[in-house]
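One chain, chain A, links the two complexes that follow: it is found with chain B in the first and with chain C in the second.
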Partner chain A sequence: MSETKAIRRDLTNAPSCLKGEGVTRYFHTGKITTKAVDHVDFDFHEGELVSIVGESGSGKTTLSKMLLGLLKETDGKIYFQGKPRDISSRAKLKEYWSGIQAIFQDPFSSFNTFNKIDTVLLDCINMRGGKHLPMEKKTEMMTEACSFVNLKFAELTNKYPFELSGGQMQRLMIARIFLLKPKILLADEPTSMIDACSRATILDMLLQLRDEIGMTVIFITHDIGLAYYISDSIYIMEHGKFVESGPADEVILNPQAPYTKRLISDVPKIHEPWDLSTVG
Partner chain B sequence: MSKTMLEVKGLTTKYVTRFHEDVYAVDHVSLKIEQGKSLGIAGESGCGKSTLALSLMGYYFPPLHYMSGDIIVDGKNISGMDPDDVRKNVLGTEIAYIPQAAMNALNPTRKIHKFIEDVILAHDPKANKKDIYEMAKGRFAELGLPLEALDKHAVELSGGMKQRVVIAISTILKPKVLIADEPSSALDVTSQKMVIKMLRDMMDRGFIQAMIFITHELPLLYNVTDDIMVMYAGQIVERGSAKQMVFDPVHPYSRGLMNSILVPEEGTRDVKLTAIPGTPPNLKRPPAGCRFAERCRYAQPACRYNQMPIIDFEDGRTYRCGISVPELREIYRKEDEANAAQPTEAPTDGPVRLTKGV
Partner chain C sequence: MKNTLRQVFHSSKFVVGFVIFVAILVTMFVYPLINPGNPLEMIGVGTFARPGTYVSLYDATKTPTETFRLADADDKRLASQLSAEDRVAMVEWFTAAGIDVEGLDISDTDALLDMWRANYDASVKPKGMTNAKRNYYKRLNSAIEQVSAADTLIITDKDAETGELVEQGRVTKTDYVNVGQVTNVKTLPLGTDNFGRDVLKELVSAAGTSIVIGLLAGLVATLIGLTLGLLSGYVGGFVDDIIVFITNLFTVIPGFVLLILISYSIGQEQRGAAVVALVIGLTSWTWTCRSVRSQVISLRNRDHVNLSKLSGHSLVRIILTDILPYIASYVVMAFILQVSSGILAEAQLSLLGLGPKTTEVPTLGLMMNWAMLYSAHTNGSWWAYFPVILTITLISFSLNLMNTGLDQVFNPTLRD
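Coming up: the complex of A and B.
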């Protein structure tokens, strides 16, 4: 039985890994402008586990797409490892992606249905420059990655992703990250589609992986209890803006912004009474 | 002694797969809910929570089949009824059901009051539409829902509002038992709170007499229901009051579940998050002995071969395990002590390693 214990760390002095200044994204529909992300500043340090918490529609996913370079920002600058990020060409974008990778909410739609699992994992090895390696070496690497997430490569080889269960797919996503060893991992609600028991397994693997390769993890979630448990620092997002940020203990146990206070009071707890009279 | 609203005795239902294999998704489930009480059902995905809900309301359409057992709602046995009879005589008046994606059940081309008409006309074809409208208005006012919602289409309402409207529609005939299957899982925390408040309100005003609340979110169950029942692989493994179940679970699986609770409260981070390894058994070929034995860290050899009966061990508490309660409590106490003895702060030098158990 595996057990995870999140350990708090202070990484404010670590070098900056991903930094944003006034990052903005507007969406225009006819004459209506939606400010999905509105001039946000952030600074994620190396090795840090950051959580971005907000309700649906607060702009979390838009921000994550910008961080991944999938959406162009309307305004603002993003710095990657201290230098302004350059993703002006396809080649440069691919280069950037070797440093930042993502795990998404829905494992069922994260894989190409036509590709076998071997292909998925081989692509990762090739992307890390292992194209010339002999097949035995590649198989060894894939086996290692699979055993890291408690999957057996021998059982997976020649299978298609849809033959796996949701939990297995999500673990396979983590195996990909293990092979790719990115600088930054962006996890967009990786546990929201799995139940509470399997959630612990996935978190355990993510934390282990972070220690293994020392990457920065950006955790995007609406589950404030989960964010509090695992992260070093937390950013609270409302209507495209960060209303509060700081070390996890400070933000959760001593919230300042009214929105944070409301969010925390709305979550059912077990040691404190849950006040139902605050809603209409 | 209050009246028993819902009593289930040895209910067994099965799914028949395409290859004619039987999957007993609900296996000898017995439970009792008294008037004015609520019962929460917790468990992993695929443990039979939703199948139990469907079985309780007599929704037997292939591949789901009724096998044996009694379902008694307020003295009336509804087990083995024809699904069409169930729809006419049971649903809405005796039992109401709210599925998880209830808000998607509203036809976008119709106004909300039309759905209420449908529900009432299905039970009383001679009802006057004007009366129904007035009744709906009265009910919405009592539940604190905006009256304009009645004349709106579903697309004009927000997610939380839609969910509350669906609950109001399905309970318009004051059913005796409400089965809520993850009614708030798709909502954000504030809407979730509103839905819960409304359910509580309905219990207090007597619009529903008893409630079954299904979810895998344990902190929510703890705050909503009187009792919690944990299901595993189609069977009940433990039942007790909400407080007992969260702070003093007895069955190893319940304990695993309770250890996975994460709440934004002081002290949460000092507790170890425990993952239960492995996956639930394949119910096409259920294990001979205890169904949890494969994943149980305390399992003894006998556990794998002996069928476990469900045992009463305290007033109103039952569990299903081969190890006696005092023994289990002793094991847990030792474990907690060992955990407390470990340092919680990160070592000052060297990389931080996770504590990895057996």
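Coming up: the complex of A and C.
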């Protein structure tokens, strides 16, 4: 699939980067309460590549929004780098966001179509305190970021995001992360809207970026095969709860929960007939 | 931007509306240059002069004449002098005198006059006819005879010292003047109104004022609605609750009743055109607010807004750069509709006598109000109100057409 095969690492003893206790989010519509995320505990370590795997509607995206601080948790506590997360004011929130960033699922809706590509990248430089750098320096930084993801800045400058292909847009997203260099990257199904060819490239770049700036990657996906391929540890999510978690090899090769077994058996296999007994 | 404009001007509906509106605007600017002066100047002393060209009689007598002998001149003169009442009265006399009027058409002047000349006798005293009525017939008869006679009008002047009449000139029936040579000729394409003002000049000025009122009202309404809608939709929570509460309050109370009450309480003296526009704007922002709010709610959870938040942008910046451009086309459409309804609201208010004060500027609504107060609609002075109605209709038609055109361009489901 890619040249840089992920080397699985055991980082369970590394310091905690993001930790949650009983994190919960309920949605109320009239008298109906939807438990999107229901008392989940997790502990992500520094430098780890964690996958959260679950089917659609299992609460992955809600959890990721809470981790990003875009959504308030109904209950529970989140610890950032060992300390309780404090995002009570805008300044603190901004500070928090310099440490955690995201790549979203749909590159086509991730960009403001009224802003040029330059604006997106310049924002990142400004956020890292590079507001007063000379324009040449900024251009140099943007060129470097683009070349990291195999894009040519000279061809992109003064263009609008909608003039790019989906794969290019998602690579631009990674270039953004390259400029921001956050401690944690939350990738919410970054490859699900992209064709298989670009997918390998994108994943490859994500892994390279992780090695380069040593960040923690929280990878949210419904594809357990992909999760197994790249992750250090895996959390399996079903109906807002983590049903199983642990090092990738342990979870995949020796699954305990029936849901995990089902997910694994659902992975399409090329050389074997499909087992459709678990469907429906 | 360029692309969007090109797309907009491809919509035939928008183009038609735009052309009508621009034509009205151009008229507003060009007509006062051709026909300058105060539109509220009372040029006529009487009320409701008919549309047409007016020739100064005084100047006409001093204009060099040409002599024409036109065969039908006398007949025409008679026909125009015999009013409908006179004709009916003539038939009444025939009946009273016991003359058979079977088959007589009173609009046929020749036949009527032939019968009159053959039968009228001042000494006949039909039964039951009062003296006054008989005298009326005598006057009528002499008027008819005068017209028929080859007569000359003598224009005289009174000598200041002796008090004698001094002949200044003679006018015969065959004298004609060229209208182009008469010194004072006034063309009033739409006549005058009840105050004797030139209706066309007033109308052009009124259309301008009304459009300004509409624009101002639309601007105020759109600004309030947009600001509250953006805040309410994006910030949500408590702010949303309060704004929705206020909006509902304004929605529940009918806007027009509110408008009437506010206009009334301000008082006639304080009500200038701008104040009326402001009042209209302040009562009509609710639905802009509601629709902007719902659009913002659907936008605020989009990924690009989340990304903007993650980039540390401030609330104001997110609203201005990540939300507003996405609803801009919608806001423009709402603005156009607000302008149109602002013009209509002014007309409605003025018709009730709650419009701008009458002494400063004419507005379309005020012209309607004056026409109604002076019973233009019952005495047949159509020129005092019909052109006004047509103008209001054209303005709001063109604006609505532009709106529909824009809707087709920006609303993908309506695109064909």
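The rule is simple: the second predicted complex is superposed on the first by the 270 of 280 C-alpha atoms of A that agree within 3 Å, B and C clash if a C-alpha of one lies under 4 Å from a C-alpha of the other, contacts with A are read in each partner's own complex, and residues count from 1 in each chain.
In this section, a residue touches a chain if its C-beta (ideal position, glycine included) is under 8 Å from a C-beta of that chain, and two chains touch if they have at least 3 such contacts.
Please read all numbers here as calculations on a predicted model, not as lab measurements.
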Fit-or-clash call for chain B and chain C when the two complexes are aligned on chain A: fit
Inter-chain angle, chain B to chain C through the CA centre of chain A, in degrees rounded to a multiple of 10: 80
Partner chain in contact with A:Ser56 - chain B first, chain C second, else both or neither: first
Partner with the higher number of touched chain A residues, chain C or chain B: B
First, second, both or neither for A:Ile270, with chain B first and chain C second: first
Partner chain in contact with A:Asn13 - chain B first, chain C second, else both or neither: neither
First (chain B), second (chain C), both or neither touched by A:Ala102: second
Partner chain in contact with A:Ser89 - chain B first, chain C second, else both or neither: neither
Overlay on shared chain A, then closest C-alpha pair between chain B and chain C (Å): 15
Interface residues, chain A side, partner chain C - complex: 65, 68, 70, 90, 94, 97-98, 101-102, 104-106, 109-115, 123-124, 127
Chain A partner contacts - residues on chain C that touch it in the complex: 302-304, 306-314, 321-322, 325-326
For the chain B and chain A complex, residues of the former touching the latter: 44-45, 144, 188-190, 192-194, 196-197, 200, 216-220, 222-224, 246, 256-257, 259-269, 272-277, 279, 297, 342, 344-346, 351-358
Footprint of chain B on chain A - complex, ascending: 1-9, 55-56, 150, 165, 167, 194-201, 203-204, 207-208, 211, 214, 222-229, 248-249, 252-253, 262-264, 266-272, 274, 276, 278-280
